[in-house]
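Notes for the one structure printed next.
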Amino acid sequence: MRVVSKREEAPGVRTLKLEFLNQEHHEFFRNHYQTGMFGLYGIFGEGESTFCVASPETRKDYIECTFRQSGRVTSTLAAVDAGDIVTFRGPYGNRFPIEEFEGKNLLFIAGGIALPPTRSVIWSCLDRRDRYRDVTIVYGARTVADLVYKNELDEWKQRDDVNLVLTVDPGGETPDWQDHVGFVPSVLEKVAPSPDNTIAVLCGPPIMIKFTLNALEKLGFSADNVYTTLENRMKCGIGKCGRCNVGSVYICKEGPVFTASEVQAMPQQDL
Amino acid sequence: MAKIGVFVCHCGENIASMVDTGKLVTTISEHPGVAFSSEYKYFCSDPGQETVKKAIRENNLTGVVVAACSPRMHEQTFRKACAEAGLNPYMLELANIREQCSWVHTDKIQATDKAIEITRSLVEKVKRNNNLQPISVPVTRRAMVIGGGVAGIQAALDIASAGREVILVEREPSIGGHMAQLSETFPTLDCSQCILTPRMVEAVQHPNITVMTYSEVEEVDGYIGNFTVKVRQKARYVKMETCTGCGDCIQKCPVKKIPSDFECGLGNRTAIYTPFAQAVPNVPVIDRDRCTYFKNGKCKICQKTCQIDSIDFEQQDRMVSLEVGAIVVATGFQVQNTALYGEYGYGRYKDVITGLHFERLASASGPTAGKILRPSDGKEPETIVFLQCAGSRDAAKGVKYCSKICCMYTAKHAMLYAHKVHHGKTRIFYMDIRAAGKGYDEFTRRAIEEDQAGYIRGRVSKLYEENGKLIVRGVDTLLGKPVEVEADMVVLATAMIPQPDAKEFAKRIGIGYDEYGFYNEAHLKLRPVETATAGIYLAGACQSPKDIPDSVAQASAAAAKVLGLFSKEQLEREPVVASVSDSTCAGCWGCVIACPYNAIDRRDITDRNGNLIKRVASVNPGLCQGCGTCVSFCRSNSIDLAGFTEKQIFAEVMGL
Amino acid sequence: MTRILLNSRLDDCLSAWRSAGYRVIAPSRSNNLTSFDEVASAADMALDLVLPERTIKDHFFPQTEPLVRYEIKKQQIDTEEMLPPDDKRVFFGVRPCDAAGLDIDDPLFGWDYKDQYWFKRRENSVIVTIACTKADPFCMCTSVNLGPDNPKGSDIMLHPLKDGRGWQMVTLTDRGKALLETVVPMLQEDAAETASLANVPVKFDVEKAMTWLADPANFESHFWKEISQRCIGCGSCTFLCPTCHCFDIQDEGDTYSGIRRKNWDSCSFAMFTMHTSGHNPRNTQSMRWRQRIMHKFNYYRGKFGVNSCSGCGRCTRQCPVDMGITETLQEITNTAK
Amino acid sequence: MSEPFEPKIVAFVCTYCTYAGADLAGTSRMKYAPNVRIVRLPCTGRISPMFILKALQKGADGVLVSGCHPGDCHFAQGNYHARRRWTVFRALLSFTGIPEERIKFSWISAAEGAKFAELINGITDEIRALGPFEQYQELQKVIETQSTY
Amino acid sequence: MGIQEQYRNEAAELLSSGAVKLVIGYGGGSTPDRRRPVFVRSAEEVSRLVLDSYCVANLSAYLISEGLLSDGKNVAVFLKPDGIRSVNILSAEAQVNPDQVVILGFNIEGEQTTPLPGRKAADYAPLMESLRSSGLSPELQREADRLEQMSAVERFDYWKEQFAKCIKCYACRQVCPMCYCRRCIVDVNQPQWINTSSHTLGNFEWNIVRAFHLAGRCVACGGCDRACPVNIPLRLINHRMSKETLDIFGHFPGESADQKPVLATFRQDDPETFIL
């Protein structure tokens, strides 16, 4: 795939917009991609790295992916420019059943670099805004600088049909920070909508997920109405290589999207 | 991805005649990542550099390879050009296709192939170069000079006169060092005290110099520009602030028979004393171990005598912490004593003395007021035998080196003796006469020709006492005959050796030393006054045996180095320094041991609550010189060297 | 009346198979190691072993396998898929446990996406198994409901004759029959008594152990820490296991070209599940050992209907600290109610 | 007729002595064999054994490692450390069958342009006579081919 | 009283007095000649301890288990002289605090197992001198000599075949007390110096680098050799390295707890006959 553009989201975090070079691959993607799925993005000579497709299923002309520069592959991906070639394998995995969300209130909760998978669902729903009722987005990061998709956050903030709640960890605020200061679970408890007829989509680092699930439970959300994605280390993406397993579940095939009740059924120590 | 510009220089005909530059450009332009390539007659010329800058700007180049001459020639030139075009200057590599290719090869095809490979591998390297910023180290523009001998005084005065503060630390009660003990100095025979004392006074009175006598450096922390030095000011028991140096206390002190170190034991001092009359500062100290009050709890005569109440028995050692930017080590030497010499009686014979003893005997302010009198019975010696190389150049005594000054001072001694005792006879056993120096050879000639110094080439095998005479037996190797001389006094030109605590002190302040304990310079030829530890310099005989002119010259050189360092508020250093990856460091400390600059320390990593998580190595960029020895030691690849990272070299090799 | 292959005719068979286009691979010993290698003659074979040290898995899922060759050019990247060779292979002298291992792994490599590297080799291979007449203290096939003459995964089963002259040959699959066709003239129709099978005592009650493992309450049992305390976290049990199949994908080459490879990986390795963030879902050795046991005796069965263990005992036999499935399941059997 | 064998030699040198010595050979217009490719490093202390292995993987028939004479190291001690590593690594390579003749070590100062030129010529001749280091290169070739399983 | 009984009693005493929190020793294995490491935490369990001539593993490797010694409590461990040397190296390299290690020292000669006096690594200083001259077993020595006699080409072929067997299971590394790195060089991928694939080239690189990292640190316990599931004679390489550092630098690994690493130090007059 060819890089169309790249965007610096936060220190060490970049978004790449990719277009298909091969018509056949594009067709496959069009036919198969649904929000929640992931892919393996690669550079020959360095390897492949797994992350979600951050663009929504309503926009299939291109793929956007957002990642933090940390390992060998992501360091190289971070250095690509428009016009460079990267590989993509996918889309793999399952999806958020967004048609089941229709007619319901949506609560999106994301932490740090985990906004991208949520963003895919958010846009998939916002692009068909009339099908859903109230939309609340709670997004937190360690510091103001770590918030990703800043321009889209502004856009959501401007919209009347989206309630965006931003928060940063204590100590991460800047002098002109107007929004919340505090960890996502505690902010959530203050701002969450009623659990009635509400679906929650939750993405974040393992520790945040753990505490946020507790908070949601306290707020009265049924575990069946809370969706999350698990992002384990993967190599093959097709249920062979064995490293993404949590219990008997192959995250790459049966996930990455799970309801909280499915997650709770997994061996918790292995998460 | 990377956008690399490759600029192939013809260097007139120098490169182009042996390397097919056109082919080089075409080949390299096909290489992945090469966004721009061109060739030109002289890229180092102004228009050439403009071409490079223009290409960087127009193509948004992320890295530049100039295939031209040696980086030792023009790396700086092109770095500057890159910087001017807005590219980090460290995103540049020079492919050396002149010195290491076109000039040394004769086959154009092979030379071209080689040039292509060199350039390609550096394209791969430069793709992985990182933006580096020169390291700025703030400089505390105050110096410390350790040791108040002639070298230390000179260094302190030079630095102070240039307007910088200096702290001069001396462990004895007075500054002056060995030079204060000397009688006359070669080759001019001017009085040592006469030339030194004014310098001592100048130092102590200089507004920029703080003299701390009776003080010792205990610890040096930090790095160039930013040292913290802990100094112990030993209790003098005399108040520096009020004492006028009248000397009444010394007069009255009942303990009078303490052999004076300054007089090499040839004279005595009291328990409260100044080492010598011209001491600077002229404030006595109480020798706690000898003082009756400290021993028995009774006496205090000095206190009673002192009219201005300057005696304070309650004084304690004080630790002072000083911030300095540079340190000059001028801790001097000692003279090997005679007890080491079995063949010369192990120091049993009172009239076998060292050269330094002789200096005191010959000194007008010495115990004999300048009369040459032998220690045993105070008689004037009729015959003096001098033995040169007593210890020096003698592996058996552990001194393989030449002490450098003995030939000269022995000649001087012979002259002084001849001047004072006209009928006296001198016999000087020598191995070689080493008199290299301005006016030196003329001086020894004068000793021989005008003052009848009797030189005998040969070594002395035995020395013994018989009928009140010292019998010196040796061989005259020029005549091939045994010699026996009856002497009244024998002067051994014993070796000049490091201070007894030299090694221990070096460890304390973090500098290197040689097998003897002389301090190591950073480079014997090119950096003779610097140590391997940036910001610490050497002056005088602590580095190697030196005479006064050499010591003073080196002191001034060290001062110049210090002043160079102090010329800016910030010290700019090449960012080629090592750094440690905290997550993978296993804390084996191999790098700490291997680092030639003591630039690596242990650092604790703690969690939010201050609990120790792990301990890792940590490179002090102020001290690191960028050799990379630590990098290749590290088994887990947890250290890397900026500018020559593992990734860069891997790519360079794999790009060949 | 059954078909008998005499020792003396084995070389003739090998020739026949070779002329029919097969490579013959059998246990052999070289460089102080017993493994499956291509052999030239019966003399090269090491058939008297209880079990070769290396498994037959090596030839279906090799320790390192090239997937794609790539070359980075200025404008594009050229790639070329590297599939395994097409040649047909006879595996002679396989033990039932190793053969069963292949059968156990088939569903994994086949579910959803069919792994062409595995199946291409599977389709081109005929497994000629020899039933075991001897066992060592580590053998445990009977404990996992297999046995010394279990036909799982085999195309032909050879039963050693009591008099040692050769083997009775039983074809089990069409592929086996086709192979047999090529050597019919070398076989005798004869009635001969086969040697008695190896006596492999049952070491643990696998059903009972599975029940214990299936109980979520036991997942966080202290048992796992106890049993795996001495595990050093090497990968020898997984790499010598006939059914372990985890792998890694790595690009190797210089700066312009190279090969993307599939390499064995092991759930025993600490790095196996490590996220780049530093978070490691299985961050202790006991969790990793638990994963291995759970995967073999719980998860795998849940997905594919079989346990992922064929009872070869190599895990214990070659463990540097004398651990292994046997001990763990024995302990579970002992403690389970 | 095939082309005569020309060995590929990779040199790892320190910038202060041997690199400068090589430059001197150049400025003095001495002529030597074009078979050597120099990798410049700050000090021999920076040279890790991995560099040598990678050079061999890339098809080097010989490797030269060179730095300042003992006592002359710009970094005071780097070459002493390097010398120990070389002693050990050389023994290791030799024991695993990588011929000592192919891995050379030298001290060349900035003044020894002539020594550099002579050494390169000498090593090139010697390694040319040894022929290509096929044994090691074979290992790389095997990787590049299809699986034999 | 036999040595096993004696040490069981001592272990019980150490545990019940609270002098140590754990005793790492040997227990019975899955066959009569196998011993396995056991971890004894209470005096009641000491009967699990076995000590005889089959107890060959170097248990000091367990001392570097993450967090084992971080609580400051002591651990007792059964060690042969090689293990005591490992403890010295681990102390010198700041991986264990020797004060926390109580050594139950023993020696095996033939069938005989004898106790060694001393409980702290420092107590064994006199023993170290006598170990300097110890070499390989006669059969390994023959193999080593055979290798030395070979031409380089033959030696290369020998090791090529040996390393071709390697499956990169890292048992050699995992069992080795000296391999305590948090991230092994083979797992470092920026850059990937060592090819991780277990083809012969990658195996060559891995085994050479591991041997280099053990040069002057290997205590010849033979753990890697025994652990190797594909029977690569790793001991030969490591022994060759030890010989080099001993002969050339007089360095006997693990002699004392304040020994400096042989490759982080130097002498100005180190031999350099091979340098042109």
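Order of writing sets the labels: A, B, C, D and E. Residues in every chain begin at 1.
By definition in this document, contacts are C-beta pairs under 8 Å (C-beta built on N, C-alpha and C of every residue); 3 or more make two chains touch, one makes a residue touch a chain.
Note that the structure is a prediction, hence the values are computed from the model and not measured.
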Set of chains adjacent to chain A and to chain D: B, C, E
Per Cα centroids, the chain farthest from chain A: B
Comparison of A-E and C-E (more C-beta pairs in contact): C-E
Distance from the mean Cα position of chain B to that of chain A, given in whole angstrom: 62
Cα-centroid distance, chain B relative to chain D, in whole angstrom: 36
Interchain centroid distance [CA atoms averaged], chain B/chain E, Å: 44
Distance between the centres, which are taken as Cα means, of chain C and chain B, whole angstrom: 69
Sequence positions of chain A contacting 2 or more other chains: 71
Multi-partner residues of chain C (each touching 2 or more other chains): 72, 248, 250, 252, 254-255
Sites on chain B at which at least two other chains make contact: 583, 594, 633, 646, 650-651, 654
Chain-to-chain touches, reported pairwise for every pair that qualifies: A-B, A-C, A-E, B-C, B-D, B-E, C-D, C-E, D-E
Contact footprint of chain D on chain E as seen in their complex: 147, 150, 152-160, 193-195, 197, 199-201, 204-205, 207-209, 211-212, 215-216, 237, 240-241, 244-245, 248-249, 262-268, 270-272, 274-276
List of chain C residues in touch with chain D within their complex: 58-60, 62, 65-66, 69, 82-85, 121, 252, 254, 259
Partner chain C, residues of chain B touching it in the complex: 30-34, 124, 583, 651, 654-655
Interface residues, chain C side, partner chain A - complex: 70, 72, 76-77, 79, 108-109, 111-113, 115, 216, 219-220, 245-251, 253, 255, 258, 260, 265, 267, 272-277, 279, 281-282, 287, 291, 294-295, 298-300, 302-303
Chain E residues touching chain A - in the complex, by the definition given at the top: 189-190, 192
